[in-house]
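Letters A, B, C and D mark the chains as written, and numbering starts fresh at 1 in each.
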């Protein structure tokens, strides 16, 4: 008996996430999805549309607006052998559950001397770019990447949107998945048998030799566009997608930087104290004598995100900013 | 009439903070202190002992265990013309109020187009070193220093403990003061007329020319001790106390590094994504060609803080770690 | 405010919201847009009972609150357009309307995030000896948040002058109240803190106004916080992205029969306080105001991008 | 468990705590230390009504909970000493006792931080069809936290098998309950969520046991959550750093007259279930157990510092 050959299927990032959830729910009946409006409403971004009908109310579980309680309940359920996927609508609301994430999810295993593992996956939408203003536009991945005990992933491609979830659920420890809000409508094709992918390694999304552009999540598109523009200007940029923000895949970044001798980190977070600072610090620490120029960073301007489009654009990393930063390193 | 000459008074960090609060309460009747057990109990670390008796229940205001509500209430009161000092017992509990701090205190002025300023001061204890284990030992200053709209200060000396508060209260915008728990018992002397100090600039706590050690708050002592030890080994270290963590006084750090050509950042936060990463990134960005070696970082090991003393010691930055890092830069 | 005045205010909100829908389709307004259609009686009745010095704390569904509070329509519309003439200089958009001069403290997009501010505003009023009532709006969904509990307890404990204005429209996005609250009688929930609380027909602007007067009087005279559960309904989707899979068309139809504007119109007609051409006149007046607001917004300038970082901190005080 | 057995358990806790005070002065124990002296009847009565498979979620004042649950005293004492033989390998200390084999989920030092875990453990039990009761301990102070509200609502809404065990000792650190709660009747507060709730004399171990049985039966048979407000008192300071300025010596004395150990002893004597030498025998047995625990802890090894980073993540699964 031979398997039918995989065909390519046109799909979107949103559908890829949904398919990942559906697949996980089918594979393992310990898995369930819990969060605000994941059921009847279909998910605030439509990700879980149709899943309630397929899996029922127990496993597609609408919660009240009680972020701390339902995230903590996910931790408790994980302690007792379930494999919850907790959806926090957006990273902006996750602060209300941060105590549970930091002080329980990330800490219980170590603090209990190895007794209590928390096999929990938390998914949340992150990022700006849709004129949602100051309280709905944060990029706080860097904060979560600061917490020992967590694994943080940021699927930037359809393949990763489809494949990271199952791997995360197979991890015995808590994993947070950041989905950038501007990606849900991204279209592309996936093989019909697309499945789990590793969540340990960064990926080179474009090979190049003059400068390494390091990024993740929502700014991968911007960065690839910048690389194209740089190519037109005779600068051959390599683009590294971090994919996993904690633990960082230093080796992949350094391997690239040691070849190109130049690096730019692109990060939608506010510049000071963003993940880009950590990446920059690590590059300098570990490859100082390989560097031909300062490591540059392209980040969001440090302001609460304004509503008006021209102001939001001015606050967010743009292709031209990345190009300019790269040119500063090769200049 | 001539003012009586100032005499030196023996005191502690705890008393210096108390005196700062008392002074502010006397100067300005819009000032009040609010938090858990600040009144009857005298403050969980004894800082506000005696103030209830002096100022009464309205102005030394005990709250229920409701971090989000009373921090938010501080913001509201500030909006309406008061000058609240809100005490959060420790940074560990501040996560419960982080939404209010980020989404309201730090954001209202910008989001309202300049209409709503929030002249609020939040004080909290931070740090480890007293065997309080995983949930009571965080150093999250770096997170707060990531938030646009806030000013973050970390008094490391008696003078700053005494002097930063009034300056913070005079700021039209929110300021967070981090007091390291291990400092409260620190003894020293202050002039009897000690008063407000600036909260804009870093300070050189020890002059030197071979390497710049940058630190703040609870690790200033460790760093100064390391500098002494380095001196014995023929390495003349300069120690820069950041004092204000947001906005960072880049100029002071760079001025020093441009002279010494070497830098070590000492930070009690977990290494990845700590404030030290930002300092390191800025040094490399702005002084790359002045550096003779990689910027080193000495931080906490990335684990939930264990209770056992030997494990806690192993997790925290020690004098020997700072010495070793400094030697790596000059080696 | 006369019955006619109340009707005028409700019409201003209704037609404003309807115009917003069009402008959203035309991509003049972007981001999230939460309409107040169906709930006009709540904001209009409530605001009519407040003093101009009473602080108001609002939500992300706050166009109606802002307009009824007296924030000029021009400034609100310009805000939706992202113009510097907007009531938040175009930085806030639909969810973040502010007007300090009218003590309108916005526009909060974190559910229940405004409640602590209201408690603090009330504390300040008390400490400063000002006889103010802080009106704090929030939805049924907010009642499940921890902050709701902390704030009701604190306000009750300290007997602060807060008027909690709960807009119970039976849904938090797609979640019906019975699937979110163990106790669906929200006035009862509030009463459990020892707060005087009662339910009000939120479709009847006169009932809301009367309840608001009684509650505000009690709060202002030092009786501690009050809680009004205004039972209302949103006729439209939660936001522009909501296909409304979670409720029946029939249910919506049923509620539309209690449209607050129709209810008041009928009542005023029955009382002979609204003449034949009066409604038309009002409609015309409102249309004119809206047209003017849209025209002004269209023509208004954007904030220069160089000012992006302005107001992260207060402008330095200029010593003369 | 017999009356004598309950007495034995309470004595174990009491004498253990007293020894901890000495060991703290001798600097064998460090960090924060919160004693359970005066509250023994609560833990002992409660645990005696649970099944070994019932999960327990505790606080930072949990030595009594752990001991009464059956966590071996050796392991608890070694934990206080920071030894690798401790029930959390010495990483947790006084505030973070864990014993997964006894479903003792610790030791949480964030006030109210354990409640969401209890809700989740109960949810898992329900989804997996296991007839468990999750016992969740917390103090009167926790009732003001937002998480309390969110969790009571969620447990009530979903009718989850949680037994909320509120230890109302009248103070949260130095804050008397009347200065923290608008509604000081905490059972009433819980009842407002539609949860069956009642107050219990927390100084009477038999009353606690009976209430716990009734409540656990109701929860286990699918009746939804229950809430017991155990009215008790801590005889000692909040922690080792507390000079107790906030309460009268006389008040403490008054409560000491209702010492749960004396109450039970007197009762058993009156019933002739405790003979003349019995108490001495129990005291000796307990002293021997404690001496052994201290000796074992003194002699136990520390975790090698090289293992510091172990268990930040789970050990890699070793494929055979």
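In this text, a residue touches a chain if its C-beta (ideal position, glycine included) is under 8 Å from a C-beta of that chain, and two chains touch if they have at least 3 such contacts.
Being a predicted model, the structure only gives us computed values, none of them experimental.
Listing every chain that touches subunit B and subunit C alike gives A, D. Placing every chain at the mean of its C-alpha atoms, the farthest one from subunit B is found to be C.
Note: centroid distance subunit B to subunit D, computed from Cα atoms, is 36 Å. Look at where the CA atoms of subunit A average out and do the same for subunit D: the two points lie 40 Å apart. Separating the CA-averaged centres of subunit A and subunit B is a span of 31 Å.
Multi-chain contact residues of subunit B (touching two or more other chains) are listed as 63-64, 66, 68-69, 92, 96, 99, 103, 110-111, 133-135, 148-149, 302-304, 306.
In subunit D, 88, 90-92, 96, 108, 110, 113, 144-147, 150, 153, 157, 179-181, 312 are the positions where the chain touches two or more neighbouring chains simultaneously. A complete topology is adopted by the chain contact network, contact being made between every pair of chains. Here subunit A touches subunit C in the complex through residues 36-37, 39-42, 44, 62-69, 92-93, 96, 130-136, 301-304, 306-311, 314-315, going by the rule given at the top. Of all residues in subunit C, only 144-150, 152-153, 156-157, 179-183, 188-189, 192-195 touch subunit D in the complex they form.
Within the complex formed with subunit A, the residues of subunit C that make contact are 30-32, 79, 82-83, 88, 90-96, 108-113, 141-142, 144-146, 172-175, 179-181, 242-243, 245-246, 302-303, 305, 308-309, 312.
Considering their complex, residues 92, 95-96, 98-99, 102-103, 106-107, 110-111, 133-135, 138, 142-143, 145-149, 246, 248, 269-270, 272-278, 280-281, 284-286, 288, 291, 293-297, 302-304, 306 of subunit A touch subunit B.
Within the complex formed with subunit A, the subunit D residues making contact are 55, 86-92, 96, 98-100, 105-108, 110, 113, 115-125, 127-128, 146-147, 150-151, 153-154, 157, 310-315, 317.
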